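By letter and in written order, the chains are A, B, C and D; residue numbering begins at 1 in each of them.
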Amino acid sequence: MLKVSVVGVTGYAGEVLIDLLLGHPQVRITDLSSRSIVKPKKISEIYPQFGGRLDLLCAPLDFKRIAASSDLVFLALPHTVSLQIVPKLLKAKKKVIDLSADYRLKNVKVYKDFYGARHTDKRNLKYSVYGLPELYRNKIKSAKLLANPGCYPTGAILALAPLAALNKIDPESVIIDAKSGVTGAGRKPADGLQFCEVNEDFRAYKVNVHQHSPEINQVLSRLAVKKLKVTFVPHLLPLNRGILQTIYVNKAQSAKRKAQNIVELYKKFYKNEPFVRIKPQGQFPRLKDVVGTNYCDIGIQDFGSRIIIISAIDNLLKGASGQAVQNMNIMYKFPETMGLI
Amino acid sequence: MLKVSVVGVTGYAGEVLIDLLLGHPQVRITDLSSRSIVKPKKISEIYPQFGGRLDLLCAPLDFKRIAASSDLVFLALPHTVSLQIVPKLLKAKKKVIDLSADYRLKNVKVYKDFYGARHTDKRNLKYSVYGLPELYRNKIKSAKLLANPGCYPTGAILALAPLAALNKIDPESVIIDAKSGVTGAGRKPADGLQFCEVNEDFRAYKVNVHQHSPEINQVLSRLAVKKLKVTFVPHLLPLNRGILQTIYVNKAQSAKRKAQNIVELYKKFYKNEPFVRIKPQGQFPRLKDVVGTNYCDIGIQDFGSRIIIISAIDNLLKGASGQAVQNMNIMYKFPETMGLI
Amino acid sequence: MLKVSVVGVTGYAGEVLIDLLLGHPQVRITDLSSRSIVKPKKISEIYPQFGGRLDLLCAPLDFKRIAASSDLVFLALPHTVSLQIVPKLLKAKKKVIDLSADYRLKNVKVYKDFYGARHTDKRNLKYSVYGLPELYRNKIKSAKLLANPGCYPTGAILALAPLAALNKIDPESVIIDAKSGVTGAGRKPADGLQFCEVNEDFRAYKVNVHQHSPEINQVLSRLAVKKLKVTFVPHLLPLNRGILQTIYVNKAQSAKRKAQNIVELYKKFYKNEPFVRIKPQGQFPRLKDVVGTNYCDIGIQDFGSRIIIISAIDNLLKGASGQAVQNMNIMYKFPETMGLI
Amino acid sequence: MLKVSVVGVTGYAGEVLIDLLLGHPQVRITDLSSRSIVKPKKISEIYPQFGGRLDLLCAPLDFKRIAASSDLVFLALPHTVSLQIVPKLLKAKKKVIDLSADYRLKNVKVYKDFYGARHTDKRNLKYSVYGLPELYRNKIKSAKLLANPGCYPTGAILALAPLAALNKIDPESVIIDAKSGVTGAGRKPADGLQFCEVNEDFRAYKVNVHQHSPEINQVLSRLAVKKLKVTFVPHLLPLNRGILQTIYVNKAQSAKRKAQNIVELYKKFYKNEPFVRIKPQGQFPRLKDVVGTNYCDIGIQDFGSRIIIISAIDNLLKGASGQAVQNMNIMYKFPETMGLI
């Protein structure tokens, strides 16, 4: 049994991660911690839903205790906090799956621009592996520090990867109109996220300046081997879980000339992927079909010079904790879908 | 034109009050203020929905400015804050409609038990009028300090008043199972009121210890001329506005003997009331029919020894700001429904 | 007092229309009817919220009775049904405000393609006036048959009109990502609109084939004096009321050259409009600010070669019944905001 | 591997049942059928969420095919339909878990009064076992025809069983104020269950005449060995899943005399139950903690002469399909929590 610990259990990602790890036949949770905990507290007092299932304390974050008790550490911490603990964990020969953004962006200047903080661990940043299994499975197998992708980037990149990799899109034309449930914003109290401020409302936020844009650009540009800069507008849906992204691209000149069945192209690109499902021609995904699962559903339609792609994921599963477990499965040679289907 | 001011505009009651007063043909809003405002700010910056309708500043709370500019002052402040400003306003010969609980409970010991603070203005408390027009219209006409009823008490008392006044209920048998939308909890950020903590959830809170119980008991006991103590359990509904209360009472011994059409009894009791609607036999109200209105809808059915009564109101209208305007109409001899239908 | 009747009261638009007309000081509702009513029924039995406010029967649709009792007839009927009654009403010298799509599209072939029915009243179609006051106020003044705009087109056209009229956009680049509350789909029971099929879900529908696309194209092409064909993808939001549309356009070559303050340009374009509000630079509208009002809020931002515009309306007010009343006000020389603010 | 089939897969209970059975290590789904299916259809076309997980056809209901392929048959059919198929299945020596109400009420007159149909299978009714494991585990072990409890009765009976069994309640005093999510009403389109008719609304229905009352009375009366008749008022919550019931009882005279820790009494009563969790003194359950699980959470508080009990379950799990799997586990000697935790 693999010994794992979760740091940062009071957020939604931490909560879902515990639930998944509890159901995983090859792991044992050995430590739960949180920065906001002052003295140890039963996890079932924090989350009554774990009553009867898990009898473990949640303790203050203590590097030594965590390192002593576990082989693999999941970090579900706010951005910039991981930077302080990752170097120590790696030094202690622990493997780390980091759910924050701290080790995703390879360019520290871009990191600073979007997260407002200087990157203090360039050494480990160099070796971090971006944990999107559909694109980087081989690297993930031997990763020591895994940067688990952001929720929006997961859905957006999977939706665009086939076209980007085959150079079929005009790199200036990509528009991503994203809509996310409220768990995407985290659990801490905020004026704008009170029930009555979100319920029966709908709004865009961080219009074209969201911190996930550079992550999308970084991965797609690498795939396309040319600079790609998306227009990205996220919106807040009055519901708990799920991200649906409606994506508009113009075909590259070369792609306009020859007709091609785009749906078949996607099916082929993802034919061995256990967690990507391509909708039949003329159908598009909805949140209901993916919420509660680790799937990414994708629908595509060719409208002549423009292609519309819609992808849907559960932001806390394929967009966070589910993908983290999928990555763990790959890193430890467990069946990739173990504990997830 | 009556000059009115609203103190405490950043809460939901204040917001709805401004909206109602804007549509009232006999009043002019002369001052808007809030304790949380540091320097004057356009009201349309706080509430974009008032853009194009109201071009007024919201200023810090300043007793003198308010007294100088208005004849009537609405206080939409948290409990205990009104105690500090009411004496000054009354001294300056202003009339006050207080939406807080500070001048509702005549017994200061009970006030302290339920609101956790000593009552510091017993002198004015003695003269405050409880603003439930259906029971106290005459007193309201000449009120100088009006204590606007709580949201739960409004729906509960209107549902029980006919039976209490006619002494038809066993005073120990009253059970009020109340359900409220989230605006009832006010606007300030709180962990338990974040969108994802309320959406797709339902829970009871303050089980049989809610501060509105003594208010209900005070009014019903006075009506029944005997001590009445209700069991009161409020619950939080995942919706913005509305309170529905399901009430169970056993008949008094005397009432059991003679058959009587309870629906007709209610219709008669409320026959001249513009804002109480009694449902036909066998029908019960729903929130949808009252939200956005100042009505209280009531359904009653006689099940032998037990009677079930269901009442529904909009907690921000008949349960707060709508009733405040109704009270103003009565105090100033405007038609009672003016600005409300 | 203007005598008005509403045909088709059992839908959401009919319901809201009654509410608005009841609050309008210059009209009297003289007749309510519905095709689904077999024998006359009190309107307060259909809609309990009108209890105490309106004591009128809702009767089966009877052309003669309606014509005899009213000067102006509002038709809130499903598409193709208006075609049968409009000719008769016009012949009887009644004015008509039609909320259906039957008299909006001037090209009957396009009508057939999108609504699946042959247009049987080309004669009157020729004279119908498209009721978007911000663009066609003068024609509306003398309209006898007014085609009230669709909900999506209202928000989309108002968002794009300034750029289209000034020829600042690449006509092939317009992408409208639209999101609507569920009242937009009408009231009739449908599998896909049951509560549990919509709640906690989000999905696109009629991707780029929605019947409102040609309406948007018709109006914008006329404005731009060149053919404009939008990509239009509507989505279903899990909420009752409101439409928010996020619109992406590339600038026309000519517009790229000279810098211009787009927000100011919009403010100027709409400076006399009582129901269009332009957000300050860097701000975007949300549903909450317009739901329950007749406003269209618009936010715009210039991102270099691409402009993003977001508009928000209440689909049942500015997107249907509110706009119908606004049009009535213009047709009968009432103040344009009467009964609406 | 146990071969199981599900009849009636198009309802919510059927859908959830498939999901649970797919995750159960000891069963294999061999047949899926529905009365509303005319020709066989892939289950993933009906429920896209099963895409990639289950590649099985859903076929029209055919008794012979079902009997031939399976050892155990789950019936998730509307009331009265089970009566037609159960006798045949039992004759063919198949075991049956019936999720409908057809074999729950032992008194056929009461069945007729509440379900409006004559009971046509009294012979098998006599042998049916009421599948509430916490009360009837021993009988369930050898059941051939298991009547799976109703959703409301499950939560209500578990909340009241300790007090009823120990004769601590006044049998005329029990009031159950129940609130259910919308999946409880089934999936078929109905006017009153359209999204906009439920969202932002709350209402009572079938006030004190709901068909689940006699089921609750039957079980509790048997436990208390005296006639018990509850007052039962269900309400419709604007959310998908979950039932919370707030229950008020007066103590029996005998129970008033001696003080007793009620929470401890409940903990003792349920101490070996894997799916009942008793809240600590002063705490009450909420839906969030049980939705998605097979738990029933119960909070109790003693208020002198009156006791308040609140129970919460997921209506589709402990209230239907989860409990059906729990019953299967008991019938086939699998660990009781298998596939459920």
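The rule is short, and it goes like this: a contact is a pair of C-beta atoms (placed from the backbone, for glycine too) under 8 Å apart; a residue touches a chain by one contact, two chains touch by 3 or more.
Keep in mind that what you see is a predicted model, and the values were worked out from it rather than measured.
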Item to complete: With chain centres defined as mean CA positions, report which chain is farthest from chain C.
Response: D
Practice prompt. Have a look at A-D, C-D or B-D and name the one that copies the A-B interface, over half of its contact pairs being the same.
Written response: C-D
Item to complete: Please work out which of B-C and A-C is bridged by more C-beta pairs in contact, and write that pair.
Response: A-C
Discussion item. Nearest whole angstrom, what separates the Cα centre of chain B from the Cα centre of chain C?
Written reply: 37
Worksheet entry | Approximate Å spacing (C-alpha centroids) for the pair chain A, chain C | 40
Worksheet item: In chain D, which residues are in touch with two or more of the other chains?
Response: 197, 199-200, 238-240, 285, 288
Worksheet item: Hey, which residues of chain C end up touching chain B in the complex?
Response: 47-49, 51-53, 200, 274, 277, 279, 285, 288-290, 292-293, 295, 297, 341
Practice prompt. In the complex, go through chain B and note every residue touching chain D.
Written response: 172, 175, 177, 179, 197, 199-204, 207-208, 231, 233, 235, 237-242, 244, 246, 248, 284-288, 291, 301, 303, 305-306, 308, 310
Worksheet entry | Footprint of chain C on chain D - complex, ascending | 12, 182-183, 187, 189-191, 193-200, 238-240
